[in-house]
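For reference, the structure discussed in these notes is given below.
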């Protein structure tokens, strides 16, 4: 059984100190043999519900902060790319490039990211069938050799609600690529807070357990020492103090599944 | 950790011999300490897509066959009730009464079934929110003391497809009742065969693993020695020879989860 | 152009006087040459969300009240049938039998209703594709010669919300049967009031206009002199004083469409 | 009653001659007093399902062709913008800028387009509630004075299918902006052709009639002299020979509605 890839961090880069304090905890988790941790944070929240919502430090400053995190804790870092011309710069710092779900069909973005040679983590659009991610995989393979992972982060299920079709995990894996489960965005409630996205943090661990039991290669979480103060995604983030115990339970579950299914 | 309740059997009663041969295997599984098995089969498929589809032996003959199964193997038996005036007769033979998903909102049926004093297994309607099953629970509690379980069996997700909202399991459990996961009906594709319901059997075990990992009290499967010959639900049934190994894996997974979450 | 069939009335039978006062208005509308009115009211709300919700006068008293309405105003009457053994009695009073959407797949109910020889109005289940209503039509044709209309009343669209797929109207019409648009139930919000169904009356006329413009044979509305006092469906009913002007606008729209499409 | 805004053209710019031949027909329609026509064609299909699908002539050549169309027939032209840095160039040629549905939440794109001072036509994301378009309107108003229209083009409704929630038209209009109905994209079947998007052209006019009857300010169609040869969206386009008669019927319907609702 391969170690689980754990992609985690605050939603958005707020301050270097905050990033370091989260990186400390993630580096401690990375000591385990059964997990490889990648630090994730966004430099820009490019699709906020409201025009007045905070967005992040921007590309240049954000990449500088991510590079500091990498230097500080040694973990590889990742972030999301929103425009084709950001791909090169992001790839110079990040070991993995993330394509947002709303942008999963934008050919130029996927191609530019793939051309950097870095592996991609493409989130399945909330409006896409898992089968149709095949064409995204083809776009990546036609453009670079870094490879691609596909990520389940919830599908449109009536206004204001997402659902995880757990069948998407084996379906996307059958396309020949690793699959990721994004446990914190899956519990979002779009528009649920009036001008902001709500969420339900209590469902994060049950859904992550379900995904691990089905079989995934990577899992994605947002975590924060004080989620209520996060500029975005607070309602669905895992408090940092609860994070390591939860990860421990998931890794033990994964090990048990590996033995049972062997 | 309570033993898992395993509700299983052929979809519909075909012949006494077939019922016995399935009951043999279920009785063997029931020897385990970590599981309690209930034999399930329908006496009537009351909502077949097509008017010319086979329906089953009917109430009287069906109950006679179920009684024979109980006498033969000692397992408690259950079946689904479609009309209020069937409840009494069914309760005279069955230890558990099942309310079909399409009928979950029919007050008289739920009340008549509850009044028998038997526990009910009510399937959440494909058109219902898990939160709204609260009112079904109240209908049962207002009418009898046998108790009620709520069952996730898939929710409408566009024409011809169902999705399991796995959040429904903790949501329905928070209503103070045991929850069941119906793994074989969840993979149905309504209308998928043109005049009949299709399905995808390969997804049954992954979804059942997900549900067990989240935490359920009971699981429901249809199984048949030769699913292709079943008058209904063939495409989503588990072949009998594959059934016990699958149940074994799920029970080991459940035990592992119990230890991890303890 | 055939006259439009207008099926209308209070949701549930409350008192004979109330039924008469609504029937008076409907009989006045029926004077027009471009419309045929059928008075509709339920004798039993058999699938109320809550067990403590009011249900109606019951079969016997309800049929007596409907018969009085017919005698009083001369309009044909219709009501919904919930159990196979109600069909005969209902057919002795009603010119048209309605099958509720939740019960559209219950073969025995559809067959029993069809066997009375009366025409049926079957509502498409919230969980059904319009194409799959073909099998319901076949069930009716196999069982009686009274004919069948199919009714669009909204499809599940995430928890607590329905959507009208307006494509369902031509799709169901292509099955060779008249189609009905149920304008008031289409705006229901299931569970929207906590233990009761909410609704949004302001959307009734826009949706009815859309359906008329596409082409329908019949339209269904619930109306009440004081919707807030109705035991059910108040939030989506049309106040009686606003009813005739709205019907007038729809009939003028239908006439215009007839000329344009001729 | 204001004239209807009719946005129409081929899906993508293929050749100057083809554009001219479609523009000829549109210019003829524009002679009517009850309609204002805008010629629309894309210079780039930036989100094709497959990486090998044809995309169009690109920004520079596409804008040159659109400018030629405008010079040739005098109609204002519009096209869709995919990246913020395309907005200025597009605004130098186009009287109206279109934001694609997948990109409706990308703040920088909406802001850059609004800053050009041109009015925008923002398509509601397939993953968005109509109410939540309020925040898009705010993004536009905070960034420019050109104004904004909102466009219904279908909402996710299970894999491979879209639905028009016709309630979205009055809901978006209640945000104080004109609303557009995109009749040809609404009938798309995503992934329906295996590696390409399918569609059902026969539903275009019924849906357009429904939207006109509810009340819209603008309507959007793709049309082509020979849809089967179009590099994209062929299955849902209206053949050019059928276009003017259809538009005539819709304008007569709109006039009739205007009189009836006056």
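Chains: A, B, C and D, in written order; residue numbering restarts at 1 for each.
Going forward, a residue touches a chain if its C-beta (ideal position, glycine included) is under 8 Å from a C-beta of that chain, and two chains touch if they have at least 3 such contacts.
Since this is a predicted model, take the numbers as computed values, not measurements.
Of the two chain pairs considered here, A-B and A-C, the higher C-beta contact count falls to A-B. Taking the mean Cα position of each chain as its centre, C sits at the greatest distance from subunit A. Here subunit B and subunit C face each other with the same set of residues for the most part; over half of the interface numbers are shared between them.
Centroid to centroid, with C-alpha atoms defining each point, subunit A and subunit C lie 48 Å apart.
One inter-chain figure worth recording: subunit B and subunit C are separated by 33 Å, centre to centre, where each centre is the mean of the chain's CA atoms. Centres computed as Cα averages put subunit A at a distance of 36 Å from subunit B.
Annotation for subunit A: residues touching 2 or more other chains are 155, 157, 159-160.
If you check the complex, the residues on subunit A that touch subunit C are 157-161.
Touching subunit C in their complex are the following residues of subunit D: 155, 157, 163-167, 169-170, 187, 200, 202-203, 206-207, 209-215, 249, 252-253, 256-257, 260-261. Of all residues in subunit D, only 46-52, 55, 82-84, 102-103, 105-108, 111, 125-132, 135, 138-139, 142-143, 155-156, 159-160, 190-191, 195 touch subunit A in the complex they form.
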